[in-house]
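Naming follows writing order (A, B, C, D, E, F, G and H), and every chain is counted from residue 1.
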Amino acid sequence: MKPKVLIVMGSDSDLPVMEETGKVLEQFNISYEMTVSSAHRTPKRTVTLVRNAEKNGVKVIIAGAGAAAHLAGVIASHTILPVIGVPIDSSPLKGIDALFSTVQMPPGIPVATMAIGKAGAKNAAIFAAQVMSIKDPVIARSLKEYRKRMASEVLKKARKVEKS
Amino acid sequence: MKPKVLIVMGSDSDLPVMEETGKVLEQFNISYEMTVSSAHRTPKRTVTLVRNAEKNGVKVIIAGAGAAAHLAGVIASHTILPVIGVPIDSSPLKGIDALFSTVQMPPGIPVATMAIGKAGAKNAAIFAAQVMSIKDPVIARSLKEYRKRMASEVLKKARKVEKS
Amino acid sequence: MKPKVLIVMGSDSDLPVMEETGKVLEQFNISYEMTVSSAHRTPKRTVTLVRNAEKNGVKVIIAGAGAAAHLAGVIASHTILPVIGVPIDSSPLKGIDALFSTVQMPPGIPVATMAIGKAGAKNAAIFAAQVMSIKDPVIARSLKEYRKRMASEVLKKARKVEKS
Amino acid sequence: MKPKVLIVMGSDSDLPVMEETGKVLEQFNISYEMTVSSAHRTPKRTVTLVRNAEKNGVKVIIAGAGAAAHLAGVIASHTILPVIGVPIDSSPLKGIDALFSTVQMPPGIPVATMAIGKAGAKNAAIFAAQVMSIKDPVIARSLKEYRKRMASEVLKKARKVEKS
Amino acid sequence: MKPKVLIVMGSDSDLPVMEETGKVLEQFNISYEMTVSSAHRTPKRTVTLVRNAEKNGVKVIIAGAGAAAHLAGVIASHTILPVIGVPIDSSPLKGIDALFSTVQMPPGIPVATMAIGKAGAKNAAIFAAQVMSIKDPVIARSLKEYRKRMASEVLKKARKVEKS
Amino acid sequence: MKPKVLIVMGSDSDLPVMEETGKVLEQFNISYEMTVSSAHRTPKRTVTLVRNAEKNGVKVIIAGAGAAAHLAGVIASHTILPVIGVPIDSSPLKGIDALFSTVQMPPGIPVATMAIGKAGAKNAAIFAAQVMSIKDPVIARSLKEYRKRMASEVLKKARKVEKS
Amino acid sequence: MKPKVLIVMGSDSDLPVMEETGKVLEQFNISYEMTVSSAHRTPKRTVTLVRNAEKNGVKVIIAGAGAAAHLAGVIASHTILPVIGVPIDSSPLKGIDALFSTVQMPPGIPVATMAIGKAGAKNAAIFAAQVMSIKDPVIARSLKEYRKRMASEVLKKARKVEKS
Amino acid sequence: MKPKVLIVMGSDSDLPVMEETGKVLEQFNISYEMTVSSAHRTPKRTVTLVRNAEKNGVKVIIAGAGAAAHLAGVIASHTILPVIGVPIDSSPLKGIDALFSTVQMPPGIPVATMAIGKAGAKNAAIFAAQVMSIKDPVIARSLKEYRKRMASEVLKKARKVEKS
């Protein structure tokens, strides 16, 4: 199946965070491709990945990076596909550098920024599903069910805490 | 024309920032509705706005708020439509409070966060267009032209600076 | 005994922090109910909890949450009961996100914010007792004794340090 | 009428912020006394104010201060009355120093911290009213009406923005 | 020997940091007394300690505390003896709360603030020695020798690194 | 009269802040010399100033600087006289850079750091007086009177606010 | 004369800051070219500028940008010429976003980061001169004279302050 | 072989970070000398090191330090050689103090600042190579090959992640 989402991370050390994105996409049966490309160490490869993604029908690109996290912004500068950024807490500044580098984009080239770290990696997948749901009613239905499941899990945990 | 985008701001004092969103949407011929609703002062109205937006075919919701900016997150908790958040620098903390309150969403309920202030308000409109472009080729074309226009404006400014 | 205090936490992972609130309330013989509800994953349940708390005679609500900690603010928007917020350091930003999201409430809907983490969880209970003491002289007396006990504990520790 | 609330500010330069507290208390017909006392320049006066407040039947103390804002904490250390702290943005650090100094109280002596600046000053009054409403049904009713008025003001502003 | 320096810490959990102060004072043969007193939990004891210190000929007071570290400021408000503050990194905010609460004193009541944590605890002792050296030539000489020892230790380490 | 205090600032643009130090020293009849020397632009002059100060009987050195404020630390590395640092808010970071650069000194070379800006400049003078008062009873008396005057000024302001 | 330094800024609104770089280069008789190119709005132009600079014998590239300041990093990823970055305080976060985005580069692609704003813009020119001085003794001599001039200017200002 | 680069660290505890600089320089066959000198504990030695470096033909100085990291700035004030600063995360503030102290240099004396910690230590070496490459074509070639190697390593990691 052709991938609908491209997940790019700036370094293979970001995998433990970004594989959360993949796992959630699988729950929505959304096909994806996941790879590594650095905005700085492989700038050409990054552009080529974006070009190919557009050609191959990818609908959303998700980019995760730490420190001076330029990856999402650089990708966004080469495509009009929606780009979702996940700031990763891999430097001594604990992700606030990655957050500012990802979210503070200048007018014209937005990056849809998620929370720092794993919470953001999961939400990037859900947001990608939300974007795709505006034309795909199957995903829309999955999202509603996902919400219900989450709510009932909260309820289960509530029951446990109430009894503790 | 039925609005495709709902713009909500937490206070009418956010209008000078959020009207930038409206202006950019107009450049893409995307219909929108703009209103005020507070996550805290009018919680019911906020939920009703979201419900009605869903019913009326709104595709994307954009929420701008300052300080403990819960608005985007509260809206996102009531819909599976993509929600874009614009943190506004209206408190003494200059928007870093609004940024953290908007972007650090827990797993399950993403808010696509833009830059603080007017840059983010403009980009919210562009990102909404990018989301809608995945099913609307007219918007996709407009986005590509917008990019070109931006690039040639940069070039014009470059020429001026080079001569200065 | 009907609970006088409702403790809500945004996730069951917040229990190790929020159970401190319960322990201190027990020292003041203040009945409480403790549960989990997410402002975002279970927005309706959160509102229902508040409604029921009001009906059942709860006097104070304590809400603990991390990251974009909207829980206390969302609860406060649905009740005129005093709401005490405990920001929890569960994200890479170490609770400063939760602090800003809890304390920077807009005019009209206050949240009485405590310190980040366990210090704040304990103080939430004490502050709840202080609030209830304005109509309950028994709690007032307990609070005065608690203060004395604390002071004599400090003294004991001082003696140990002096001898070290 | 004997004051029910004592408002203390660390310096007369805090008056433009703290008089907001007074104005809101007046809307709730809650009597108050407002004065200046510095935790550092007049430590004895500060303790005397607290002692007298307790004797004279004050129910809630509100303290506003900037920079290393010790005032609320120092007051709280001398009373079991609920103490509400308002951090003021009067130093080059724009109130984040006052926020940390007010909110990060150690276990045992809570300060109910509000937002930085005028938003917090207003909310201090409302929270004081909420505290007092647990034994005074008249204030409870006023609070509910205040909420309704706020909501309808938001609505009015929404109408204006919608037409703009 | 009567103590020349009083070391106060806000909690016995600060001992591992503040005992560094004691160790360095011993190197300068400066007598000291070390105890625990909380600005908030034992406000009266704190004032009494200061009063007694003045009476007993203490020349410098050193106060170490974490979180909303009011201790040094509260002590300084009750004496004209030089007060040195050591902010301790014992809260989730890693000492930046203690730093702001200690250093941002209002005009009139200075606290001589040292670095966060053990570096500051050591330097508090050295600075106390420097203060006392302006009237005690023996301490002045010790300080000069201490400087030389430090320099030669750096040199030894330099030799090791150069060979590595 | 030979100066007892040397005031150094990193740039003449720091004068509006640092002249506050001079004004307060004059209230205590403490003689001082005030000059400009940059840790970076005139490193030799800075060392010479320190050497001469020591020779001429200066008792305390006060250094005010902004941005990467190395001045106080560099001075402290060349003398065992007590060095007081005033961080100045002259860069876009509003003095937090100057604060960190001044206060976070490594073990061995303390700088007694004051608040950012004018509050710190005033307190530097008062702290210098406190240091000198341990051998000069006249200054000690002046300090006690200064405290009383401050307290009565607070009282006057309190009266005004109470009547407002 | 062929330019030895290329100055690029992300927006023409950065000109008031970056023209300081030009002015200082002129003092060193170093030829330069100054233009505008956005890492995001004109990514191709940015790469072309770098390619041409390399071909035309440019020795150092200086890039100034605000907000999520990717410009210096993106340029550095396309050349082995030394790239100097100037973070600009043009967003509500006052340049701390630009600083983190410029300085926190991943291993492999360094950006020599200067201070935020005009101080950094001037220093970028001086650092460029220092880099070029390692092969050009004329520039080395100019740098030494520049240092002397700075020192004597400090001295002049010192004289004025001393007399004030 | 005479060293071309001088690496200085403020403390031998910085060695695990700064030895990364050495390792990378070795990959470029650039001779270096590495030692310890404190801006504060051994100010004279620091100046002597700089003087000798200049005499012995060193081309670039790299300085790594934590906390109030004055080392790079102090070195830069004594030489016109390019000075590269590496802020080290060795204090409770996690390197943000070292970053501000290193990067916020006043106009006239630049320090080329790298990322906090090991990333910065590696990049300091690469940037030194870039500076030296403007007159040494062998290093220029090595840098180009280094870039290629980095790119192909990213590719290898990409392949692994793609298969995972």
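We take it that contacts are C-beta pairs under 8 Å (C-beta built on N, C-alpha and C of every residue); 3 or more make two chains touch, one makes a residue touch a chain.
The shown structure was predicted, so the numbers you read here are calculated from the model rather than taken from an experiment.
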item: If a chain touches chain C and chain F alike, it appears here; value: D, E
item: Listed pair (G-H, D-F or D-E) duplicating the A-G contact set, over half by residue number; value: D-E
item: Higher-contact pair (C-beta pairs counted), F-G versus D-E; value: D-E
item: Separation of mean Cα positions, chain F and chain B [Å, integer]; value: 48
item: Between chain C and chain A, distance of the C-alpha-averaged centres to the nearest whole Å; value: 34
item: Distance from chain H to chain D - Cα centre to Cα centre, in angstrom; value: 51
item: Geometric centre distance via CA averages, chain H-chain B, whole Å; value: 42
item: Contacts with two or more other chains, residues of chain B listed in rising order; value: 11, 38, 41, 67-68, 91, 93-94, 96, 103-106, 108-109, 115-116, 119, 147, 150
item: Chain A contact footprint on chain G (complex, rising order); value: 10-11, 38-41, 43, 66-68, 70, 73-74, 76-78, 91, 93, 96-97, 100-106, 108-109
item: Contact set on chain E toward chain H in their complex; value: 89, 94-96, 115-117, 119, 147, 150-151, 154-155, 157-158, 160-162, 164
item: Chain H-touching residues of chain A, taken from the complex the two chains share; value: 9, 11-12, 15, 19, 33-38, 41-42, 45, 67-68, 91-94
item: Of chain E, residues touching chain F in the complex; value: 59-60, 80-82, 84, 99, 103-110, 112-116, 118-119, 122-124, 126-127, 130-135, 140, 143-144, 146-147, 150
